[in-house]
Amino acid sequence: MTAARFEHALRVYWEDTDAGGVVFYANYLKYFERARTEWLRGLGFSQEAMRLQDGLQDGVMFVVSSTSVRYLSPARLDDLLQISVEPRELGRASMLLFQQAWRGERLLAEGEIRIGCVASGALADFKPTRIPAALIKAIKPF
Amino acid sequence: MTAARFEHALRVYWEDTDAGGVVFYANYLKYFERARTEWLRGLGFSQEAMRLQDGLQDGVMFVVSSTSVRYLSPARLDDLLQISVEPRELGRASMLLFQQAWRGERLLAEGEIRIGCVASGALADFKPTRIPAALIKAIKPF
Amino acid sequence: MTAARFEHALRVYWEDTDAGGVVFYANYLKYFERARTEWLRGLGFSQEAMRLQDGLQDGVMFVVSSTSVRYLSPARLDDLLQISVEPRELGRASMLLFQQAWRGERLLAEGEIRIGCVASGALADFKPTRIPAALIKAIKPF
Amino acid sequence: MTAARFEHALRVYWEDTDAGGVVFYANYLKYFERARTEWLRGLGFSQEAMRLQDGLQDGVMFVVSSTSVRYLSPARLDDLLQISVEPRELGRASMLLFQQAWRGERLLAEGEIRIGCVASGALADFKPTRIPAALIKAIKPF
């Protein structure tokens, strides 16, 4: 059984490029994050809602703890990219995702992003905490 | 007769926010530009294709010559925004566009963006040049 | 008597440029803000300290309410820029600053930035509030 | 014998933070690059000058081919950071650099950045090319 794969399409704009005429490499981290956000949204989870505390319990927030990216081929202004998300490991307070950026049949960049779940709020100071059970349950089938 | 109006939808991601918990104001200029790019694309014009020179003639590029923006209400993570484009003046080498950012019925930001057409290419050095006739023709009905 | 003028020097890096080979215009708003931050720091005010609430009173935060910028000449990778700050109006809850970006003797961009003072904190929701008296006093001589 | 180590100081501004109240992780790639640029400048090499072609030979440009970063502790608005650069491998057309971000005695992020040297120019299309001999010679003592 292969892991399920989520895809998010996005367009390259002027803001994304640099004087080399191509997408500035740091921006692939932004593209990967947009795809993760849409993946979570597709599973029914809004990060802004998760982050805010309600009367009963503290909010949680995801923080990136490591990124490892290989840049294979440049993207240019106006390119339409497909950004993928594939969960590779799912722990109690962290997960590892494999992500790729494609333009048509061409792989442009790929990498592993490790994400930790922390308590949100001014006083919480990024204390690691469990990923909400409902989210674990939603990701598991992947 | 009111001017025609183009709209582009976009989502607010982590990359767009700042420590105030809302969208960093400079990013509305990026949002406005994405909408202008999609507006041009909708009219049949790719900026990357326009920028590149071909055998017969030099390429052209749009540069922003002034921006005037009022920030009325903050946008937050996960918000879905509508960004509008309305041409207000159309000259031979420049145009003035009125743009707004909305979240549902709430106006978040608005402003005027003046854009000039310049010759592209390493040697061209941003020399003002005429907006391609085909583009003028496509915008005029607005 | 001319108004006093603060200057902050900064360097143009790859991250600041776009595929046109020059500084992406929206980044002048970032440059202007860095200069305002250093201007406040020079007057003895750290925004992070001001933002955080202490036991006695709520924190305050500055938000940009409007920006009006003219882009006159492009900056390029490796350029060393001088960014100026000149207070033009100082009200109880807002101020207007005139700012310029220079490379040597050449003026690259200039504009007016209006800033409002708001209560900080998750519940404060950007309610306008008075600029701290000590800061008003520090700016006045300008 | 330990490798020589270059350090560049920079300040955290509003533009660098996100709604979590800390520096957006992708921005450490920008910080690392600013330090590399200052390191090259300190060795006598301006990237903008290297990129531009002269009558005798084509220009060269550095492109990032991979980044691997661990984010250990968050930086906040107004923090003063020290960003280090240490060459770890120096090949004919690429090099590997180890970089860290410190706030005082606290390590915030660290990683390896692999950089390739390519021909610059519109037609060059990122063809790998040798690192200029003079630059190799300047780095070697490290």
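Note that the chains take the letters A, B, C and D in the order they are written out, and that residue 1 is the start of every chain.
Convention: a residue touches a chain if its C-beta (ideal position, glycine included) is under 8 Å from a C-beta of that chain, and two chains touch if they have at least 3 such contacts.
These numbers were taken from a predicted model, which means no experiment stands behind them.
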Furthest chain, CA centroid comparison against chain B: D
Interface with more contacting C-beta pairs, comparing A-B to A-D: A-D
Same or different residue numbers at the chain B/chain C copy interface, by half rule: same
CA centroid of chain A to CA centroid of chain C, Å: 32
Geometric centre distance via CA averages, chain D-chain A, whole Å: 24
Between chain B and chain A, distance of the C-alpha-averaged centres to the nearest whole Å: 27
Chain A: positions in contact with at least two other chains: 14-15, 19-22, 26, 30, 33, 51, 76-77, 122
Chain D-facing residues of chain C, complex: 11, 13-15, 30, 33-34, 37-38, 41, 46-49, 51, 76-78
Touching residues on chain A, where the partner in the complex is chain D: 19-22, 25-27, 29-30, 33, 51, 61, 63-71, 74, 120, 122, 126
List of chain C residues in touch with chain A within their complex: 14-15, 17-22, 24, 26, 76-77, 122
